[in-house]
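Structure first, then comments.
Chain IDs A, B and C follow the sequence of writing; residue 1 opens each chain.
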Amino acid sequence: MTSTFLPDRRTDSDVAPTSATAASSRGRARRRLLNWLTAVGFQVPALVLFIGLVILPMLFALYAAFFRWGGFGMPSDYVGGDNFTRLFQDDVFLGDLWRCLLLIALSLAIQLPFALAMAVALNQRLRGRAVYRMLFFAPYVLSEAITGVLFSMIFAPGDGLADHVLGSIGLGGVGGEWFADPSYVMATLFLVMTWKYFGFHMMLYLAGLQSVPAELTEAALIDGAGPWQRFRNVTLPLLAPTLRISVFLSVIGAIQLFDLVWVITQGGPDHHSETMAVTMFQYGFKRYQVGYASAISVVMFGICLVFALAYQRFVLRRDLEGATTTMRGDGK
Amino acid sequence: MGDRALSRRGFLAASAAAGLGMTALSACGGGSDGGSSDGTTTIEWWNISTTEPTHTVWAGLAKKFEAQNPKVKVKIVQLENDAYKSKMTALTASGKLPDIFHTWGGGVLQQQVDAGLVEDLTDRTKPWSDGLLSVAKQPYLLDKKMYGIPFDIGMIGFWYNKALFKQAGISTPPTTWSGFLDAVGKLKAKNITPIALAGKEKWPGMYYWAYLAMRTAGIDALQKAADNKDFSDPGLIQAGQHLKDLVGLKPFQKGFLGAAYSTPTGQAATMGNGKAAMELMGQWAPVVEADSGKGLGSDLGFFPFPAVEGGKGAITEVFGGGGGHALRKGAPQAAVDFLKFFASEATDLELVKKTNTLPIVPGAEKALSDPNTKAVQAQLKAATGFQLYLDQAYAPAVGQEVNDSVAALIAGSKSPEQVTQSITKTAKEA
Amino acid sequence: MTRKTKAVQSLPLHVVLVLVGAVMIVPLVYAALSGFKSTAELSSNPFGLPEHWLTGNYTGILGSGDFWRLVGNSTLVAVATTVIVVAASALAAFAFARFAFRGRELLFTFFTMGLMFPFAVAALPLFLLLRYLDLLDNPLGVILPQAAFGLPMTIIILRGFFRQIPGELEEAATLDGCSAFGFFWRVLLPMARPALGTVSVLAVVTSWNNFMLPLLVFTDAKWWTLPLGVAQFQGQYSSDYARVFAYLVLAMVPALAFYSVAERQLVGGLTAGASKG
């Protein structure tokens, strides 16, 4: 069954008008301009806010990355690409890059599929469904400070709830010393991250699932498709745009992870849980080496940008060929 | 179809409300100026005393000052420690500091002075600041000029559990480094955790290295190394080795690498609940122990950091610091008067009695009652040398690097040489 | 026409859900219970029920006017931020999703670039900018930047959803003589309620928990938002952890309450959005 769900792509050049008089082509040009103006007009509020309050500070930070600057006055000690070369020779930063990859891999392999499974489970008519939804989303609503303090206590070595619970089912000592253990700190951190953030992705998927028309899955059911087939061939493709957004946000989020790490471990022990953003914060706000910190942020930005461009090109390309129409007054 | 209409109406209502709200907001927004109207001067006083009893006592002192100076109003802005530091960074960057602001002296104050933002107080305060405890004034003396007035002073030393020491058969606290390592061994033999350490926060670990550096390489070594941007003094490397020896004995509590300082499962609580025998901490230690844990009461004792045999330093040299106030450049005379008021004997007596600070005015010593506090005060008075906390004395980048490198040493990933190398590298780049 | 399916009864599913639910809720219950204990009890009896239920921690906070002013400020800022960001994003996302215009993908990438920039570094230049615009100690100094930083994610999510609305609806509307904005306002928005609900919740939550920006902008305590109050409270009562827990839990309640209300909207949008016109 083909889906007539995604609208066809139509641009001005594809839809040829049936009459080709000069008057009509002038009208077409004017309409195209009007079309463009309307489209851009819709963008204006967002653009003003965005350029003024996001882009401008960003450009300034980019500028500062080429200086050695303590944060006082204006940057004046130009050092060219020095900050960047130092950065890539810094063991801690290189470790940050590696840990970032680790987090991305873990999130994509574990956190997102789990969120999807929960979303599917909760999309059905289930007793207590509303309660579960609220429960699973609740951690996302908590501030990082609360989460950090809570889990520091829960994962306190020996005395914490985690060890108590594990001990009572005979698995004591499984996590080592949790956050205090250089080998286990990332894994423990990932557990907390999942607890806090999977609800966000689940909510995205739920909203997406609810936009899947029930008639389609029912039609598949009538055609004799089993639950997994229905999921794979009907639901999943229709959920695809949502999935793609979720993956995108998850990767970007992993690259920029800061608040949670800062509150719980501050990157420790001995830099074993440090992320790029934590390093950047250390240098910017604690060491007053703001130029260097700006360089880190530029690198972070570069990584995100490369990822986003590659992602758009290879993954979202299908979306590009989909959903667009033009608003043409002539109704053709 | 009724749903759709409702949601649209809801949206419209919300945006209308927001719009009205917005106009109202922009009308009442706007910064606060310390302007004078009808002849009164308003001075802004920024501090970090958010905890009790200090919070209330200070507010009371502000009122007292206002009563003595009818033409002056004091506006207090209080932030907690980390929030304060972040805010001050932002304000310094924008070039406008508050009239009176809390400062720890040392490197950060130096940076603010270099940016031309701090008032030079040397001449304006000389008559009355001369009498203050000299150790207390050290952190604010930059290039031989006074840029801040202290309101308290303190030092780092060992706080120990007398009962646990007795259990391990240690009759008197150690005065030498080898004696100290011995004591650690005796405690371990009795299954008592010798030392509580907040590995996560890094600065408690730094205290060990700093003291060992002072004791081994001499009191001036740390300041000289910073001035020359060269930490390769063999004494400093030797200090790192001593620390490594200590760490090798595994004297810390379980999970110390992730322990914080003042949380219910942190260093102070471990000490306060009698689960460890010692902690190397500042004069505030007893209060925090009692707050986050149970507190040791009369079982708590104090002894100074031992001397290192063959080292150039002496046991009477003190590592510490305190809090003070500085003024922005061009602050009104009322602000200077406030500093004088705050450093007067009357005020200091109140601070000592009610908020447990150590006196900076010699006359206020009589208000001390707690034997431990008196012991600390005695040490301070008899101090033959003083070194300010490294993360204050040094430029922030260097101070942070010391914390980081020593933490790495304690975790076992850096050698004593590497520690001094990293610090030198950062000092040269900063 | 939808067929009523009977409620799913599978036992393994329920077991899994209950387990997950337990993992989700235990830390919160722990925090809530801790608020009823004394701090000493936190170390001696961390995980059991309180020996004596001290309501003092909670009532003390609820009774202080400070707490309610913080809640009020946080609410004002969150609502204003959300309205602005959703409005601006919906307009922009609509244009992205339904128009083909020159430079569209470039502009979209331009917006997504905002996601890639860590706020902490923009903080200092942003502070200087706000000072220049005299927006310090002014709620707009927090609302506008928050909205601006929320634009990328909101636009991305809304564009995705707007695309899923069938093109036939649009054609029908155009045939009826509807303008672009008319279609947007009267047809698209109501249909996109699940999406609008989603991004609103996200915007509210992000604003509610934002700490750094209000810290930099608000000096005067009368404008402080809840996270600032929490940090201040933590600093003030740092050793009285039981009280801090009580405060943290109370600070959570409004956000959770909002979500539970918004959630019903999401469910309500189910049938309205999915059926073809």
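Methods note: a contact is a pair of C-beta atoms (placed from the backbone, for glycine too) under 8 Å apart; a residue touches a chain by one contact, two chains touch by 3 or more.
Computed from a predicted structure; not experimentally measured.
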Item to check | Taking each chain's C-alpha mean as its centre, the one farthest from subunit C | outcome: B
Checklist outcome for this item: Contact-count maximum falls on chain pair A-C
Item to check | For subunit A paired with subunit C, centre-to-centre distance based on mean C-alpha positions, whole Å | outcome: 15
Item to check | Inter-chain centre distance, subunit B versus subunit C - centres from mean C-alpha coordinates, in Å | outcome: 37
Checklist outcome for this item: Note: subunit B sits from subunit A at a C-alpha centroid distance in Å of 39
Next on the checklist: Two-or-more-chain contact residues of subunit C, please, as numbers and ranges.
Outcome noted: 84, 87, 124, 231, 234
Checklist outcome for this item: Among subunit B residues, those touching two or more other chains are 86, 89, 93, 263-265
Checklist outcome for this item: Residues of subunit A that touch at least two other chains are 71, 149, 153, 159, 285
Checklist entry - Contact residues on subunit B for subunit A in the complex? => result 85-86, 89, 92-93, 95, 111-112, 114-115, 199-202, 254-260, 263-265, 395-397, 400-401, 404, 407-408, 411, 413, 429-430
Next on the checklist: List the residues on subunit B that touch subunit C in their complex, please.
Outcome noted: 3-4, 7-8, 11, 14-15, 17-18, 21-22, 25-26, 29-32, 48, 50-52, 55, 77-83, 86-87, 89-90, 93-94, 262-265, 269, 273, 288, 291-294
Next on the checklist: Going by the contact rule set out above, which residues of subunit A touch subunit C in the complex?
Outcome noted: 4-12, 35-36, 38-40, 42-43, 45-47, 49-50, 52-58, 60-61, 64, 71, 118, 121-122, 124-127, 130-146, 149-151, 153-154, 159, 161, 164, 195, 199-200, 203-204, 206-208, 210-215, 218, 238, 241-242, 244-245, 248-249, 252, 255-256, 258, 277, 280-281, 284-285, 290, 293-294, 297, 300-301, 303-305, 308-309, 312, 319-320, 322-329, 331
Checklist entry - Quick one: in the complex, what on subunit A touches subunit B? => result 68, 70-73, 86, 149, 152-153, 156-160, 177-182, 185, 265-266, 268-271, 282-283, 285-289
Checklist entry - What residues on subunit C touch subunit B, complex-wise? => result 39-40, 42-43, 76, 79-80, 83-84, 87, 123-124, 127-128, 131, 134-141, 185, 189-190, 193, 212, 215-216, 219-221, 228, 231-232, 234-241, 265, 268, 272
